[in-house]
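Two complexes come next, and they have one chain in common, chain A, joined by chain B in the first and chain C in the second.
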Partner chain A sequence: MGNEAIARGALEAGVNVAAAYPGTPSSEVIENLAAVAKERNLYVEWSTNEKVAVEVAAAASFSGLRSMCVMKQNGVNVASDFLLHLTASGTRGGIVLVSCEDPGALSSVNEGESRYFARMLEMPLLEPADFQEAKDLTKWAFELSEKIHNIVMLRSVTRMSHASGNVVCGKLPNKIPQARFVYDGPLTDPLTGPVISTPVGLKHKLQQEKLKTAGKLFEKSPFNKYFGPPKPQFLIVTSSACFLYSREALSMLNLQKRVGILKLGCTWPLPEKLLKKYLRLTKNIMIVEEVLPFMEENIKVLAASYPKEIGVKSFYGKIDGTFPSVGELNPDVVAEALAKIMKVKYKTLPASYAQELRKVAAVIPPRDQTFCPGCPHRASFWNINAALKLDGREGFVCGDIGCYAMAALTPAIGFHTVRTLHSMGSGTGLASGFAKLDMFGFEKPVLSVCGDSTFYHAVIPALINAQHNKADITFIVLDNAGTAMTGFQPHPGLTMSAVGETVPAVDIGKICAAIGAKVEVSDPFDLETTTKKLNALLEEKGNPKVLILKQICALSPEKKGKKQYEVKVNEELCLGEDCGCNRLCTRIFRCPALTWDKAKKKAVVDEVICAGCGFCAAICPQGAIIKKEVVAS
Partner chain B sequence: MKQLLAKDPTNIVITGVGGQGNVMASRVLAGMLVDKGFYVTIGETFGMSQRGGSVMSHLRVSQKSAWSPQIPLGQADIIVALEPSEALRVLSRWGNPDVAVLSNNRVVYPIGVITGDYDYPDEDKIKNIFAKLTAKSWMIDATSVAMEMGNPVLSNIVMIGALAKTALLPIDRHAFEKEINKNVAADKRNANLAAFDAGAKMV
Partner chain C sequence: MAKRLSSQKLLKNNVLDAQLCTGCGACVSLCPYQAIYNDRTVQLHYCDLTDGKCHAYCPRTPTDFESLRELLFDTKDLTPEIGAVKAYYLTRAADSEIRSVAQHGGTVTALMELALNEGMIDAAIVSSGNQEYLRYGTVAADKNTLCKNAGVKFTVSPMAAAFNQFTRHEKGNAGVVAAPCQALALAKMKLNQDKNEAKRINQLQFVIGLYCGWALSAEKFSELLAKKYIRMDAIRRMDIPAGKNILELHTANGIREIPLDEAQACTREACNYCIDSTAEYADVSVGAARFAGTTEEQRGWNQLIVRTRKGIELIDLAAKKGFLEIKDAPQESLRDLKKAALEKKKTALANITRKSGSAKNLLYLDNRDVLLRRILGV
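Moving on, here comes the complex of A and B:
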């Protein structure tokens, strides 16, 4: 896996410290390092958020060690404030920031792009184009960082991080370094003095010189490589997974002898001489990249800066609409664009067969995402919906980032309660703002939800804000005991660290109480009690109120495959379509395990899929869903 | 000695629904092929996949190099489906007249079918589509066999056993045993081997 290759590259570079906040598609880098932490003498941690992760890694770098911090695209936004200062102060031991991004938002609520941070914060950017490079480029990133004494950013994408391929491993070093933080030197010497971003003029200039040095090193880097004929009719400039797409597109169109590919592993600053050399080869330049036209803009600026050396070009990319401006690319998209411009035939299926396939597509039922069988979130939103209905004042929920974000993506999943969804922690910040609009006639009760890991990451300042400003919000923590969406990484609320050590748990309820909020705790699988508690909180006026809904994720290792209840539908009690409930269980509740027998016209539990949470027994007005506690044998 | 592929790259799609062991199946298969000396590129779409959605792994098997982790449309050589409507979904995009399909017949109803908004095609209809639009196809009841063995999630390995028996790929029981000895906990190896053997008997 690409993420394993990145972890291996870091190990071969002799990384000592690694810190991250989980986020798809980045999480496996740290998981792989944590698994060998003892054996390789590493310090590995899951940090509270990405900014803290970079700070933890930076401390190691300041002390002469090699360190890395890993995050998904959004994490770079979170870390950017510290990064702005870090790139100015400079670093010592090799430090690498790995950003694993998600073009097409396959597992994100945005397709944010962090390459611009490399340009904006003036740090070098590397992008591996295959699995071997994911390892080798990561290793080299540490060397580069140590050469220029600044942090280096390595960007991967889902189709690299979550794709797998053959990698030839190198040797692992056997050094046990000593951490030593030197700070007694002159203020103006970043290598022996205090590590600070001032004096600004001096440090900023130094930072820019470092970037120039990186650019020079890029000119000779083997990670920038040309594939194709000596005199191509057409040149593709690309990086990352788009290199694999471009190469495949040439193979699909049989254009290898006419089109060249310049694959860049070093994408900021651009290796200018190298680009001048290849841009001269042909008039037609295609830039293949995902999300925003970062490389395209940079190459165009370069071409405009050296018109005599480079000449007048026709550029094909995102800006002229050759490629779509949103979503991920793939070999088909590149081949189609290239076929059109090069006027070659794009191989397609026989027309009659293609028509038959379209007929097939029409009979396949769509498979929408939903909460898993036994998911506590389904129960929580059912509770919230029930309480809001009873409350009767049209209350609504501000959502947050986690599996429970699906409640906003597809209203039917969250039973039409979640109305906003933005970044980590933003639900409670927004709720705090909505609650202060009462002076403008806004009377609806305002709720917010967040998961346990999200609470530590970014919600605490928003909750303090609500308390300080007397915002009347009802804040619900969906505590499922782990960073569930990304694969159960531990967080500060648990008693286990990234490497399996016992650590003290930081209690969410106590934090909320210390802030001054009224705190209630309930089990979302207990419908009656939870709804009652929530309604009582909604009726209280004044400061923030907190309800912590505790129930372990159905997929957590300690729960998975173990049913608490055997659940069955009593066919005699189930009234089916005649019930008057309008099939509450199968039309509204939407659990994949609670299905509908079309022939019998009754609800039926699929025992293979059912996780045995037993919650559905509480929602059937006929009491036809029967749960029986499973006795451990 | 390396066995040759019928086509280079050979493109395989393994598909199913979140939680069916799709990713594990693709890794086991890739491990067996890498061990034979092939380059295998796997592209996976997961992350949200546990949440009831479709899961798909693209495997590109080659003697020459890594390929794109996404197979171009219409270019699957083999489709292995842990769920029959997912077989159709993949066929409708990556199918071609030469494709071979091996599908489990155990249905996992999408939410839209449970709510009554959509119909699920019946097994005969699916078999007819396979007969019409594929070069070879097999529909087996892998989940029932896995349940008899005590764990429905073993259906992914039943499917791998069946795939080996089709002889579409240069893989066999020996390669499977070698792979699980490397990557599966000792107490689970026998169950996996039994599932593989059961699958091999089903085609």
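Moving on, here comes the complex of A and C:
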């Protein structure tokens, strides 16, 4: 797996400290490092958020150690304020920021692109193009960072991080360095003085020189490589997984002898001399990259800067519409675009294949994105909907990032309660803003939700804002005891660290109470109590009110698949289509473990996938869903 | 082909959003989609069924009044002003204990006690004064509970929901005390031909209707009370003493008075479009024996209209067993009642026409209805 290769590269570089906030597709890097933390004498942590992760890693670098921080694309946005100052102050021990990005937003609510941060914050950017490179470039990134005394960014994508390939491993170093933070030198010496971003003029100048040094090293880097004939008719410039797509496209079209590929592993700053050399070879240049036309823009600026050396080119890329401006690429998309330009025949799959595919697709049952069987979020949103409907003032929920974001992505499973969804922590900030619109005639009650991990990540400032500015919001913490969406990484609310040590838990309720909010706790599986509490909070006017809905995730390793209840439908009590319930359990509640027996026209519990939460027993108007407590044997 | 709107959507468009909902609860406790909360009828989830019972039983959806009257009454008893009249009396409870807790003559409480004692019913579904029970009525099975819940409530108790709730859980027979809109809802249930439904609806033995001029919106009324620093839960009894134009609130700290026009400003919007002040679709209807020319002697009595055969049986039994004192009502009493009822009908019809914007569109009523045409004077 690409993320394993990145972790291995870090180990081979002798990384000492690694910090991260989980986020798909990045999480496995830290998980792999955590697994060998003891053995390799590493400090590994799940940080509260990405900004803190970079800060923790930077402290190690300032002390002469090698460190790494890992995040998904939008994590770089969170970390960017610190990064702006860090790239100016410079670093000491090798430090690498790994950003695993998600073109096509397979498991994100954005198609963020962090490569622009490298240009904007003036730090070097590396992009591995296969699994071996994922390891080797990571290792080299540490060396580069130490050479230029600045942080280096390494960008991966889902198809690199989550795909697998062969990697030849290198040796693991065996020295335990001593952490030493030197700060007695002059203010103007970043290596012995205090580590600060001022004097700004001096440090900024230094930073730019470092970048130039990186650019020079890039000219000779083996990670930038040309594949193809000496005199190609057409040149592809590409990086990352797009290199693999481009190679496959060439072989599909049998164009290897006519088209060359310049694969860049170092994409900012551009290795100018190298590019000049290859751009000269042909008139037609195609840039293959995902998300935004980062390389394309930079290459065009380069070509415009050196017209005599490079000549007039025809560029094909995202800007002229050769490639779609959103979504992932794949070999087919590249081949199709290339075939059109090169006027060669591109044989897509035969029509009969498509027909067969449609036939097969027709028998596959449609699968909506949904909450798992026994998911406490389904119960929580059921409660929220009931409370909002009973309240009757058309209140709504500002959503946040976690599994519960699905309540916004697939409105039916959130029972149409969630109406906004943005970045982590923003739900409560938005709610705080909505609540202050009362002076403009805005009267709807405003709720926000967030998960436990998200609470620590970015919600606390928003809650303080609501409290201090007397924003009348009802804030619900969907506390399922873990960072469930990314694979149960521990967070500050738990007593376990990334490497399995016992650590103190930070209590959400106490934080909210200390801020001054009224705090209630309820079990979302207790329908009556929860709805009652929520309605009482909604009716209370004034400051923020907090309801913590505590129920462990159905998939949590802590549950070990144990059922609290055996749940069955009593077929005699279930009136099926005669009930008047209009299949509430399978049409509206839609727990995947509840199915509709078309022959019998009655509800059935799928015992295999039922998690035994027993919540559905409370919603059946006929009392036909029977739950029986499982006695531990 | 245009898709038929679901019953739930029709209810929402034509009743709830149109502010015609009386809060009777006929659409509640039949399914998990409708609920009553703080005096409001609430739709919890989307239901796509057509021909739903929620729509069929609602007193503010179109009704086949002709069939309904045929089913319940003798045609010869029908009057345009106050519906079917078999007999008309002044009555009061024989039991002085009941009279002491009653608003007027204690007739309703006495009749319910009788029905329970005689085994006609297993439960009397009466309005509860308890604010906690805004969502339901109360099921009384003995005199004590009956007496505790005696007295007029000026806000709505969803009695039809209470009946639905009762039949969902209990097998026994019930008598229901109902406001006019609620009596109509319960009557509409009897038109349902479905076998399972019929079994449930047959648990309803009789309906004692209450005269009703208007009901207070709990929301508006509690706002008014809050302004006057009166706690809703401190109110033990309410009354409108004759000729004083005030609403009396009996609280633990003595009697508080609210000018009647202030209280009436809190009237439920739906009440403005109601043409029934005497609970025309009940088996018997009961009100205060108060009209112009009320003598001191008549204070403490009820007027009672007997409408159906079942009503006759009940009153005959009450007389025989000595539960009610019954006397003939003076003729002017009936005349005054009809006059007042007609006034209410005309005002409501004018309001309906204003709301719909056309005399041809009477919302939930039918302008081809024979009795209505006589009132409309066409």
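Quick notes
As a working rule, the second predicted complex is superposed on the first by the 617 of 633 C-alpha atoms of A that agree within 3 Å, B and C clash if a C-alpha of one lies under 4 Å from a C-alpha of the other, contacts with A are read in each partner's own complex, and residues count from 1 in each chain.
Assume contacts are C-beta pairs under 8 Å (C-beta built on N, C-alpha and C of every residue); 3 or more make two chains touch, one makes a residue touch a chain.
Treat the numbers as computed from the prediction; the structure is a model and nothing was measured.
Legend: residue contacts after superposition of the two complexes on their common chain; A:K389 is shown touching chain C, with no touch to chain B. Greater residue coverage of chain A by touch, when chain B is weighed against chain C, goes to B.
Of the two partner chains, chain C is the only one touched by A:P621; chain B is not. Legend: residue contacts after superposition of the two complexes on their common chain; A:T502 is shown touching neither chain B nor chain C. After overlaying the two complexes on the shared chain, residue contacts for A:N174 are found with neither chain B nor chain C. In the superposed pair of complexes, A:T586 makes contact with chain B only, with no contact to chain C. Of all the residues in chain A, the ones that touch chain C in their complex are 385-386, 389-392, 415, 535, 578-582, 584, 588, 619, 621.
Residue ranges on chain B touching chain A, taken from their complex, read 17-19, 27, 30, 34, 39-48, 50-54, 66-70, 72-74, 85-86, 88-89, 91-93, 95-97, 106, 108-116, 118-121, 125, 129, 132-133, 143, 147, 152. Residue ranges on chain A touching chain B, taken from their complex, read 24-25, 106-107, 130-132, 158-160, 162-166, 241, 244-245, 247-248, 252, 330-332, 335, 348-350, 353-354, 356-358, 360-361, 363-372, 403, 406, 555, 583, 586-587, 590, 592, 594-596, 606, 608-609. Residues 30-33, 35, 37-38, 40, 42-49, 52-53, 196 of chain C are the ones touching chain A in the complex.
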